[in-house]
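One chain, chain A, links the two complexes that follow: it is found with chain B in the first and with chain C in the second.
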Partner chain A sequence: MTNVPTPPPIPSPIPPPPAQRATPTTKEYVPQPPPPRPSAPRQRAENEVLAVTNLSKWFGDVVAVSDISFGLGPGVTALLGPNGAGKSTTLRMIAGLEAPSQGTVEVFGADPRKDKDVRGRIGIVPQQESLFQEQRAIEFVALAGVLNGLMDTTGRAREVLDIVELDPDDMRPISSYSKGMRQRVKVAQALIHKPELLLLDEPLTGLDPRQRLHMTQLIRSLGESGVCVVVSSHVLDEVERLGSRVMVIAQGRLAAQGDFHEIRALMDDRPHRIRVRSSNARALGGVLLTGSGIAGLTVVDGESLIVDTDDAATFRASIAAVARAANIRLLEVQPLDDDLESVFKYLVGR
Partner chain B sequence: MSNASAEIFDRGYRAYEGPRTGIGTAMRSVGVSTVQRALGLRRKFRFKIVPLLTVAVAYLPAIGFLAVAILLPTDLAGQVVPEYAGYFGLINILMVLLAAFVVPEVMGSDRKTGMFGLYLASPLTRWHYLISKFVAIIMVMSLVTMLPVIFQMVGYSFLEIGPDGFVEILKTLGRIIASGFILSIFFGLFGMAASTFTDRQLFASAAIVILIVASEAFTSTLVDQANAPDWIRIFGLLTMPANLIARVFDETGVDAVRIDGLSDLGSLGVWLGFCGAFVGLITFGYRRLEVTK
Partner chain C sequence: MNTIVAMTRRIIPAVATRGRIIAMLVIGAAGIVIGVVLRRADATATDMTEFAALFGLTIFVPLVALVISTASLGSLVEDKTLVYFWLRPLGRWQISAASLLAGFAVLIPLILIPMGILGFVTGDADALQGILAGSLVGLIAYTSVFTMLGLFTQRALAWGLLYVLLWEGLVAGFSRSAGWLAIRTYTDGALSRVSGSAGSIVDPPQSATILIVTAAVAATCFLVTTWRLNTMTVD
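Up next, the complex of A and B:
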């Protein structure tokens, strides 16, 4: 597989449903239960690969996934959420491994539980080991090819093992592999039949930093090539490198989806925190407090102060002029909670 | 405008749109993996002990009978060495070992390791998967239920104490194969049904052994001690298939395991009923099975 220039990933055509947008709270942001869904069906885009509608799953009294709806086109989407949020259950339902208790999953317009041809277009990397430990990597990956009806399974298995940087001629059984190597075997078996929808449940687990970088690049290139890739991960800084499109699941509900910068911008109930370094932090702080839009201000030391503002865009646009007018030299303006980790933390209420 | 000198060697990532081999190949692959696992092939030695010992023990009587037949004069040998139905009595016991120790291994391990989820993520459905497993289990069990007896029959024929003539050979072969399937299908489905409800091999094995022993003890006590009607023995999990095999071979001697008050057709019906119940349990269990790995 080569990284031939391809059209950029197509952003999801599905806007976040109003029900999932941020809701004002007093202190911590806690996702609120969505209001009753409108009866009108969700608008679907032309290139939609995956459509999830009012999906719920419960195990006895435990609700794992509660009434989530979204649609995805080609490109990489990160599925984020704390442990037990329902990410893996959602992925398994998308793959057709589990029946939804309520709602529907459609992949290429068909139910993956009923349409075996559609399942042949899905690749999945499960979180658990799921390996024949006594087999060699090439045998195991070739087996996945056979299960998906490929003809030249061994040749293709060699290709995908090369892609994940494993030796196809390695004679050792998988049981002797390190965790990172086993993880790469799982990714290889998911890629062997060139899926159009790739579901990766914690694919970066167990990989060393170099392998993480390689895997991240691989996932990105697949997304850029038009594959719809859904990645669940806890490693937020790695997810950030995959792209900015995220879906955050908290307590089984879809808390937010879309570009995480845009999600952050939508959280108008939570002031943006910005660190400002200048030649005179105390004087600058005094000037800023005379203006509007400042929710809070902390002077850290002679140079640094931290500003909480409700209108980050206006603040960033005006801070230079304010500093110049006060004859203060501005050294640095750095947003502190505009990263994925902060967005995630606000959304899951921790 | 076309350019004859231009060539594209790699268009980048393209979804696979080539021919697919279909479900049959995938099912065969599941079957091969199952047979390998059942026989402990490509695994540590301890995994080979039960299946290979069972297969070996199944052939020992045949070898012994043939040795006796070779040493004795033909007339005497024909009276001394046992017939085929008697051989199935021993095989019946060996099937308990296979059902209790091999079937749970091949059924539970896929769920325990998460391979079951990977299978279902492919175009295989859980019913395709179960059929592949069933066929593979029957094939492994046939190593014990059919081949030793066929080996015995071939040996007897060479020593001129076997079936007389081509037609008789075919009839005997048919009976052996039918009896082999009776045992393989019965114990295969029984083992699969017991393994459906737990991933723990030990629990499934214990359940199988306890059910067989308890069913035999209970029915024998009722019939022999409490003067219950003989048909109660259809609930003995060893007696019931043995009864059908005795009827396949038309055995009526003192040693024949025949349940009184039951016709040949009734015996077949009971066997089908048991197998149907096992299939029902397997279907029920796998329909409800949540893939959590």
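Up next, the complex of A and C:
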């Protein structure tokens, strides 16, 4: 099936709501729920599987998720964000494991915490590694089948273990499995009942490169077959390989959403800060300022200077030639904000 | 029913770990040995029944039920495997029922066999029946209470021990009104009513009261456990 829903106009960085992540400065600080969003209600797509509306979650005085709204249909969607951004909390609320502090989650129009039939249409791979350690993989997966009301649980368990490249006849207990094997067991139990909504929390963790490739292909094929797959990840390259729609979550908020390539462009087009070490920082700075694309420049000491540029790619390509022409020896060019944390901060702050 | 049985079969190995079973068997064996020694020292059937009430119904039954039952759901919460039951298209009551059944499945032999032997050692058929009746009441009530407790706190063992020692062991023994709120009153009552001996309490509750209270405790704990499963955050 290729009825992947048309993504909304993208990329669409979400303006930050007034309430930022709670950072209490005094003992009297009392967390306030995010203010109600004044915007018009989000329009729902016809084949919408999942509808999240003004979803917030706070733990004590820490806001983990703040006023997130989105709707998803069939296809793969990645929740991308740094560790602690609120991805897992969002996934857990979608699965019904956690009650929202504010807002609603609807899966096929029902609350997954209350509607047991809806839970039968959801598969989840939780982040934690815990499994029933003394069971064999086939027993663990078949139990999931029984609890989902399947008839031929052993046959289906063998099938899904095959899909994740595990041996159904392996007699060893799960406790003897490697991290990657356990991860695949978790994926198998989530697939046994052919869920229509599949939630995968960091599913590629612990897998070797070949297994990652296989799992990525599996996730893509599930999305193409009409399953609504939501994958959380903090690794940009992983998300790129999934070829998915992306929702960037940072500091508990939806910072941007859209097609991966446009999100990537949004990330690359931001101003970059680069440290340049050379034999003569002051002279090099003077030369650089005569060129274009430099938004700011600070000479730190005799060797180092920090450059702010809107076009990092051009800057990196030309800096060596510029230095050579000025007879300056280039020692080091180091991006200072190329990590995902910086990218996410930038997107949130837009 | 199939799903409840499947979950029960999964919970039993998590509850009946080798360490727990051995520890509980040792305690049970110690009670039987003391019973045999008392019997050989010419203790009367009444003395033996009082010992069974003191050791068996006041210490052994609640302690074994505590150790096993708090682990029924508690171990699933602790090792974060409850999610694999909780996310399935099941009624929460089915999880409650499976955890109770697992507790009963382990505790019935673990409690009734040593208590039966202790009753046999008394040499009195009425005492044997009374001890088994008291044990059964304790098994049902304590299992229900401690299974529920295991879902509310990760320190269920410590809280349960405090309850058994302080409330059941001390407060209920000193205060008649507090005694009505202690399971021990009903286990001792069942022993007295069935065996016909005075047991350790004066004026034991009527048999019907014992049955109603035991059923009410079990039903209430079952409902509270189900409610808790409905409203809790699952890791």
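Everything that follows uses one rule, which is that the second predicted complex is superposed on the first by the 222 of 350 C-alpha atoms of A that agree within 3 Å, B and C clash if a C-alpha of one lies under 4 Å from a C-alpha of the other, contacts with A are read in each partner's own complex, and residues count from 1 in each chain.
Note that contacts are C-beta pairs under 8 Å (C-beta built on N, C-alpha and C of every residue); 3 or more make two chains touch, one makes a residue touch a chain.
Since the model is a prediction, treat every value here as computed from it, not as a measurement.
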item	value
Partners on chain A (chain B, chain C) - clash or fit	clash
Chain B versus chain C as contact partner of A:Ser225, first or second or both or neither	first
Partner chain in contact with A:Arg277 - chain B first, chain C second, else both or neither	neither
Which of chain B and chain C A:His214 touches, first, second, both or neither	neither
Superposed model, chain A: greater residue contact from chain B or chain C	B
Partner chain in contact with A:Glu196 - chain B first, chain C second, else both or neither	first
Which of chain B and chain C A:Arg316 touches, first, second, both or neither	neither
Touched partner set for A:Met151, first chain B, second chain C, both or neither	first
Residues of chain A contacting chain B in one complex and chain C in the other	95-98, 116-117, 119-120, 122, 124, 126, 128, 130-132, 134-135, 143-144, 146-149, 189
Residue ranges of chain A touching chain B (in the complex, touch as defined)	1-4, 6, 59, 92, 95-98, 116-117, 119-122, 124, 126-135, 143-144, 146-151, 189, 193-196, 221-222, 225-227
Contact set on chain C toward chain A in their complex	2-3, 6-7, 10, 13-14, 79-81, 83-91, 231, 233-235
In the complex, chain B residues that touch chain A	10-16, 18-23, 25-26, 29-30, 33, 42-43, 113-115, 117-125, 290-293
Touch list for chain A against partner chain C, complex	95-99, 116-120, 122, 124, 126, 128, 130-132, 134-135, 143-144, 146-149, 189
